[in-house]
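Both of the next two complexes hold chain A, though its partner changes from chain B to chain C.
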Partner chain A sequence: MISSISSTIIRLFRIKKFAIGLLILLVVLFIGIVGPAIYEVSPTRTIGRRYVPPGEKYPLGTDALGRDVLAQFLHGIRGSLYVGAIASAISLSLAIFLGTIAAVFGGLVDKIVMTLSEILLLIPSILLMMLLAAYLPERSLWIVAVVIGITSWAGWCRGFRSRTLSILSSEFINLAILSGASRLNIIIRDIVPIIAPYVLAAFAMLFSYSIMAEVGLTLVGVGMTKDVTLGLMLYVAQIYANISQGIWWTIVPPSITVTLIFLSLYMIATSIDELFSYR
Partner chain B sequence: MAVKININPFIAYALKRFGIMMLTFSVALFLIFILPRMIPGNPLASTIFRLTQGGITSPEQLKATERMLLETFKLYEPLHIQFVDFISKLIHGDLGTSILFYPLSVADLIALYLPWTLLLMIPAVSLSWFIGNYIGVVAAMNRNKFVDKVVLTIFMILQGVPPYVLGMYLILLLAVYMPIFPTGGGWPPGMVPRLSVEFVLAYLKHYILPFLSIFISSLGGWGLSMRSIAVQELASDYMEYTIRGVGLSQKKVVNYLFKCSALPQIVGLAIVLGWSVAGSVLTEIVFGYPGIGMIFWRAINAQDYPLIQGIFIIIIATLLLANYISELLFAYIDPRARYAYVGVQ
Partner chain C sequence: MSKVILEVKNLTKVYRIGLIRQKEIVAVNNINFNVKEGEIISLVGESGSGKTTTARIILRLLRPTSGNVLFNGKDIWRDIRNRKELKWYWRNVNGVFQDPYSSFNPTHTIRFVMLRKFNLFDEEMDYDTKISMIKEALKEVGLIPEEILDKRSFELSGGMRQRVLIAQIFLIRPKLVIADEPTSMIDATLRLSLLDLFLKLRDEFKTSQIFITHDLGLATYTSDRILVMYKGKIVEEGTPEEILNKPSHPYTKKLLESVPKLYSKWFT
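This part shows the complex of A and B:
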């Protein structure tokens, strides 16, 4: 059992794509967690003239309101990671819970969950988010994350439903029940190892999706209003027309980081998927 | 005696999917209706309050705005009467009057700005569909060779770069550092849209960067999905026969493979075209391109609720319709889809 898990992990690390993705993700995580603690400049206080280019005093310059861009960047990464973690935790739990009970109970419960997810799939979640967020006057990190979380579970819910159905109907579960194994035992020894990689891939995809969604929402003007995230940095840069003035230091760092986070999680998710779907 | 009714499975499928679509549209309308009325703090009241604080100074204009907001949302009536009113207005195509662009109606505004969005999105999405898929097939033909690896890496990176971010880079590069193109807008300020050579040329100059950003950033998705479809297709017996047995030239095989694998992608194209209104919002904002996305952004910043609501309804309606058409298309092409739904008789 243990040795099979460790050999699987070794095989996963042999995939170059996975190793690179994980490395990028760990670097971003490290910057987001440790960065704000080391670089102790407030991201929201005006500290100097506006639009000072990157230099010795301000490593990444200042923005339209004379705030330190490096401090904004570090706190922004942290904020975006928070949004990603909260939102993906919410939508993943909803997806697993609803998908599993739909498969286990069947009948009316299944019908309701399936119709609900079908409707949610047809109405794009980004629009639902905009609709929800447009009518909320003040939007903190938590509100935006919850809005993203409760609108993006539908696709994965269907995935978990069909996985659970195929597990429930497979021979080895019947055998385990016949051999007198307890329910808890069956769940831990038979179901979790099968579903775990899928959960991991789902989490990675939802995480990157949520971070992208926050940037999109905020850029439209229905996202973050209070806390610093990568989306808010781009929003402020957009509002003050930094791009057409050639003020690159407020735009390039957050946008590259968003892309890097997306790519790293995408690489991780697809490697997990490739490794486990060919068995 | 059981009466067996023979319905064409395609029609049965079409009807069922139509039912789902209408149900979804009703849910969406209900959400659009209920959300602004349920959220604590009453955003409408706070909008009126905000208007009294600044922006609108003359009392007559404030009165007019207040009256209009109340007329659109009818907040003094009980909820169920409000809902009936909302639906009956919608059936008559009355989406209310915009606050920001007073006295223009929401329907007129959408009719005015939608063509510009479609003019941007339809060519960009279609062209990138064609070229992305073609490159995908070529990559599949050269699987695991150098070309394939390069294409795969580039397409994967493109997938992680949303069109609006790409747009920001294009502006920085081609409009600021090398001032070849204008930084934004749809045409030079002061110019009025009309069908003259001068205007069309000026418009095209503003058009190229937003077009490129949508075109390039959607290449990746098409290319990657096409590559995996084509790889499966290549492994099939008849392709083996065509390549090894008949000995067609590389170019002919690529063309043939493209046609074989394009079917599922056509369905995808229908969905993405339906998405185009929603998908162009951010790109339009970055470029200041005068389409639906741009007025949506201005509506949100000005809390112009009638306009926000109207644009939501339009976007959701086009999306659902496009999705429905793509489902029918798919069922028409692939009989398994419709049998899976109604069951084989």
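This part shows the complex of A and C:
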């Protein structure tokens, strides 16, 4: 057990793409976790003139409202990672739970889950999120994460369902039934261990998707109203037309970071997928 | 005469495919037979003749379209309702499948696979008793328990896997074993020793067996009675001698002709 896991991990690290992706992610995570603790400037208070270029006093300058961009950036990374983790955890657990249940129980359960996921897939999820988010009076980081989480499980749910169906056709499922194992026991002991690598890949993909979705929601104006995220920074920069004014320091750091997070998670997800689909 | 433990009455299974223009495939067509205590019967037939479907229905993995399967006088679909009765049924009727490679979950150790069978037992046992029973069952089929207990199926050879499957049968000691082509994916040299395990099962525990195969030669080696299935129907029934000497149905004759004539060609 332990030896096979460790050999898998060693093989995983031999894939360059994975190592680079993990390194980028760890650096971003480190900045997000440690950064706000070291650089103790409030990201939401006006501390100086607007649009001060990067200099000694403000390492990344100030934005349209005279707030410190570096503080916003550090807190923004943290906020975005929060949103990503919460949203992807919610949608991933929904996807695994509903996907396996639909496949194992079949019949009416399957029909209900599949219809629900079809509805979610047919309506553009950004539209759903906008409707949900606009309906809520106060939007904290948590609420936005939950909104993203419950609207983005459909695709992976179908994936897990079909993977489960193919596992269910194996002979060992019949033998498990003949051993008196219940359906829940079969899901937990037979199916989940086999789809675990896909869960990792799905988590990485959903994580990056959630971060991007939050940026998108904030950019159209129905995102966070309280906390700072990278999306909010971009939103503020965009409504004050910083791009056309050449105020690069409010735009470049968050966009690069969002791209890096997405890229690193994508690299991790595809290399995990590559490793396990070789066999 | 010993008593009948399993009765199959007018069993039919129809698969429907297609949504608008439905097509019906009759996999099993109105078959009747019974199994007596301690008896080994063989279901012989080509692929697609409905042998495996019959096995799955008897193992209660598949619901028949019509007809009944009675075990000790109980209808397995109508009289068995709750989990307790289901476990009782599988405690008494269990199976070995054709493919030892897909019969194991690659993430499970042999220990887990064997321990899982204790689900079927009513009596409470502590871990040590279970393990010693497992070891005994593994020894019975000629495996060394200490070597394989913590291995996963992909670390074992095909023959060893099939032996582990048979060890599960030795562990639960059912009244009836349904063996669905247990030797078809095993090297020819190992076949006989596996068949002897099934005979040992019968001699030691008086286990009845339904032996499913496409090979008439294997069927004659073990069985007391042979049923020949063709296109979902039982076309012929009799002792091995009767089938070999006086085949009446054209399909049985063809089957007999197709037993390899290796020796006669080369050595005479």
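In this text, the second predicted complex is superposed on the first by the 257 of 279 C-alpha atoms of A that agree within 3 Å, B and C clash if a C-alpha of one lies under 4 Å from a C-alpha of the other, contacts with A are read in each partner's own complex, and residues count from 1 in each chain.
Methods note: contacts are C-beta pairs under 8 Å (C-beta built on N, C-alpha and C of every residue); 3 or more make two chains touch, one makes a residue touch a chain.
Owing to the predicted nature of the structure, the values given are computational and were not obtained by experimental measurement.
If you stack the two complexes on chain A, which partner ends up touching A:Trp142: first (chain B), second (chain C), both, or neither?
neither
Applying the document's definition of touch, where does A:Ile177 land relative to chain B and chain C: first, second, both, or neither?
So A:Ile177 only meets chain C here.
Would you mind checking which one, chain B or chain C, touches more residues on chain A?
B
Does the superposition put A:Ala134 against chain B (first), chain C (second), both, or neither?
In the superposition, A:Ala134 contacts chain B only.
Contact-wise, after the overlay, does A:Pro193 reach chain B, chain C, both or neither (first, second, both, neither)?
The second partner, chain C, only.
Now for A:Ile251: first (chain B), second (chain C), both, or neither, which partner does it touch?
Once the two structures are laid over each other on A, A:Ile251 reaches chain B alone.
Enumerate the residues of chain A that count as touching chain B in its complex and touching chain C in the other.
none
Tell me, which parts of chain A touch chain B in their complex?
That would be residues 115, 118-119, 122-124, 126-128, 130-132, 134-137, 212, 215-216, 219-222, 234, 238, 243-246, 248, 251-252, 255, 258-260, 262-263, 266-267 of chain A.
Which residues of chain C touch chain A once you look at their complex with the stated criterion?
56, 59, 61, 83, 86-87, 90, 94-95, 97-99, 102-109, 112-113, 116-117, 119-120, 165, 168
Write out the stretch or stretches of chain B touching chain A in their complex.
Checking each residue of chain B against chain A gives 20-21, 23-24, 27-28, 31-32, 35-36, 39, 41, 43, 46, 156-157, 159-162, 164-165, 168-169, 171-172, 175-177, 183-184, 275, 278, 281-282, 285-286, 296-297, 300-301, 308, 312, 315-316, 319-320, 323.
Spell out the part of chain A that touches chain C in their complex, as residue ranges.
1, 170-172, 174-182, 189-190, 193-194
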